[in-house]
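For reference, the structure is listed below as structure tokens.
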Amino acid sequence: MNSIKIIITGGTFDKEYNELTGGLYFKDTHLFEMLRLGRSRLDLDIKPLMMIDSLQMDTEHRYKIIENCKNTNAKKIVITHGTDTMVETAALLAKENIDKTIILTGAMIPYQFGSSDGLFNLGSSLAFAQTLPIGVYISMNGKFFNWDNVRKNTSIGEFECLH
Amino acid sequence: MNSIKIIITGGTFDKEYNELTGGLYFKDTHLFEMLRLGRSRLDLDIKPLMMIDSLQMDTEHRYKIIENCKNTNAKKIVITHGTDTMVETAALLAKENIDKTIILTGAMIPYQFGSSDGLFNLGSSLAFAQTLPIGVYISMNGKFFNWDNVRKNTSIGEFECLH
Amino acid sequence: MNSIKIIITGGTFDKEYNELTGGLYFKDTHLFEMLRLGRSRLDLDIKPLMMIDSLQMDTEHRYKIIENCKNTNAKKIVITHGTDTMVETAALLAKENIDKTIILTGAMIPYQFGSSDGLFNLGSSLAFAQTLPIGVYISMNGKFFNWDNVRKNTSIGEFECLH
Amino acid sequence: MNSIKIIITGGTFDKEYNELTGGLYFKDTHLFEMLRLGRSRLDLDIKPLMMIDSLQMDTEHRYKIIENCKNTNAKKIVITHGTDTMVETAALLAKENIDKTIILTGAMIPYQFGSSDGLFNLGSSLAFAQTLPIGVYISMNGKFFNWDNVRKNTSIGEFECLH
């Protein structure tokens, strides 16, 4: 099968500004709008699974993601995810040894805010999903990282290799 | 060598609106701004080579691009290019049998206009440059095409396989 | 009556980029979206009258605008108009001595392009419509001009007083 | 004197998203960029006075604003201000009986976020500053309100008359 599954889990990627409270929150995913903007003509199967800040994720959330990765017929998966615990979810996924190419990506700035890396990361991760061999990867800052060789450098807001 | 060379040649990717004449024209490339927005941390060597609508390109322009592909030390190259004759440049490049991964990309809507596919295509093409084997490719609409199996469908503004 | 009538006639204000042809054209007005963005709570009566580049306007078009200004119950009117012959329409309107406050405004950059003055001009002109006495005015560049003391300086793309 | 003084005090108008913390904060004002976008050609005297959420304002802050309103030679003043306590500052200003036209404005969505009412409100308030008689006013939602006949309806995020 050639299609790519996109599993939406929220994260900064999809946050919005609540003008009544002055805080950030989730409404609907912007993924469809972003794919339309990018004029993507890929064969995609899109699953909005949850809308959560990854700092709020617990094991149950992550296993729900894992379950969805296993159950889909698609051999290539992109997961939009909060950047804070993206590496954690990637590690749990890798343990399952799923015979698929799984790419986790996210954004440092909400898509809705303009000046967002979301659209760029979406293009990167969909490309990596098509070309990388079976395994679990993080796609951020234009690069791809193996799940076991990456960390989020929170002081500069970037992803980097461990070694 | 690990860095990616980006060769800028113009196209709709970089067009701007001239408020005095009401037409479109080229000023400076937006590529740097787009890489900053995408928070790219790739090792890049960026060469603004020309700023031209690809319908205005002649053989001399295309051979200048070919020459720059040959001369760079980089093994991976992304060329931003007008979409109208992108396939033509790709074919000329392929004839040269350059031992590099060369990706041509562009945009249907100028980056400056909002609602542009430019940032998405930039993310895609940089990812494909890192993972595709030696060869010449087009990257548009989220996909990659071999240079000899693609055409621009001008009535719907999309790239598609020949067979 | 307290409401303001907005008469839409097109101009750069509402132009869009046609990705298939590379040119500019009219589709639907963006005025409703702009009023939503600006969170306008004014009592407005909006009339999409025509969608035309003001260089294409002839006397018939201008008299249609005049007729609509006369016929509406509203005492305050904003007309979105191409900037190239905005002063011409203003002069014809003034001859009619309509007992209303009529403000003509437009944009140098299409609203759809980002970096547009459209939203700013819309805010200005609606404010001037509420506060200026009966007469015909141009509202551009943050200012208001009496219909008989203004011209478009086409070399710098700005409106200025005659004396 | 014909120039308009703009006093910048912060508020949602100028907030930015901090990608490292996920919260909102102040960096530099966006006012200059907004005036450039709007292609304003008004004679303006711009004073960045403070960058503060108006919920954090105390009497000292407000009296600093009042002092600056008194001291300027300009007869027309626009103050960018957080919407939460804008009415409070307006009331204190009105008590001072300053012989000037003073307009307070702000935004419900940070300018930087796209989908902001900031640019529209800036156009409105600068227009009202030119045409309203001496007094203190709030300019939001396309309207103007006398300082003593307005409140912020926090449940719907709009400004409305008291009676």
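Quick notes
Each chain carries a letter (A, B, C and D) given by its place in the written order, and its residues are counted from 1.
In this text, a residue touches a chain if its C-beta (ideal position, glycine included) is under 8 Å from a C-beta of that chain, and two chains touch if they have at least 3 such contacts.
It should be emphasised that the depicted structure is a prediction, and the values quoted were computed from it without experimental measurement.
A centroid comparison over C-alpha atoms places C as the chain most distant from chain A. Taking each chain's centre as the average of its CA atoms, chain C and chain D sit 26 Å apart.
Separation between the centroids of chain A and chain D, computed from CA atoms only, is 39 Å.
Between the CA-based centres of chain A and chain C the separation comes to 44 Å, rounded to the whole angstrom. Residue positions 108, 115, 157 of chain B each touch two or more of the other chains. Taken as a graph of touching chains, this assembly is arranged as a ring, one closed cycle with exactly two partners per chain.
Across the assembly, chains come into contact as A-B, A-D, B-C, C-D. By the touch criterion given at the top, residues 34-35, 37-42, 108, 115-117, 119-128, 130-132, 139-144, 157-160 of chain D touch chain C in their complex. For chain C in complex with chain B, the touching residues are 12, 17, 19-20, 22, 24, 108-110, 112-115, 154-157.
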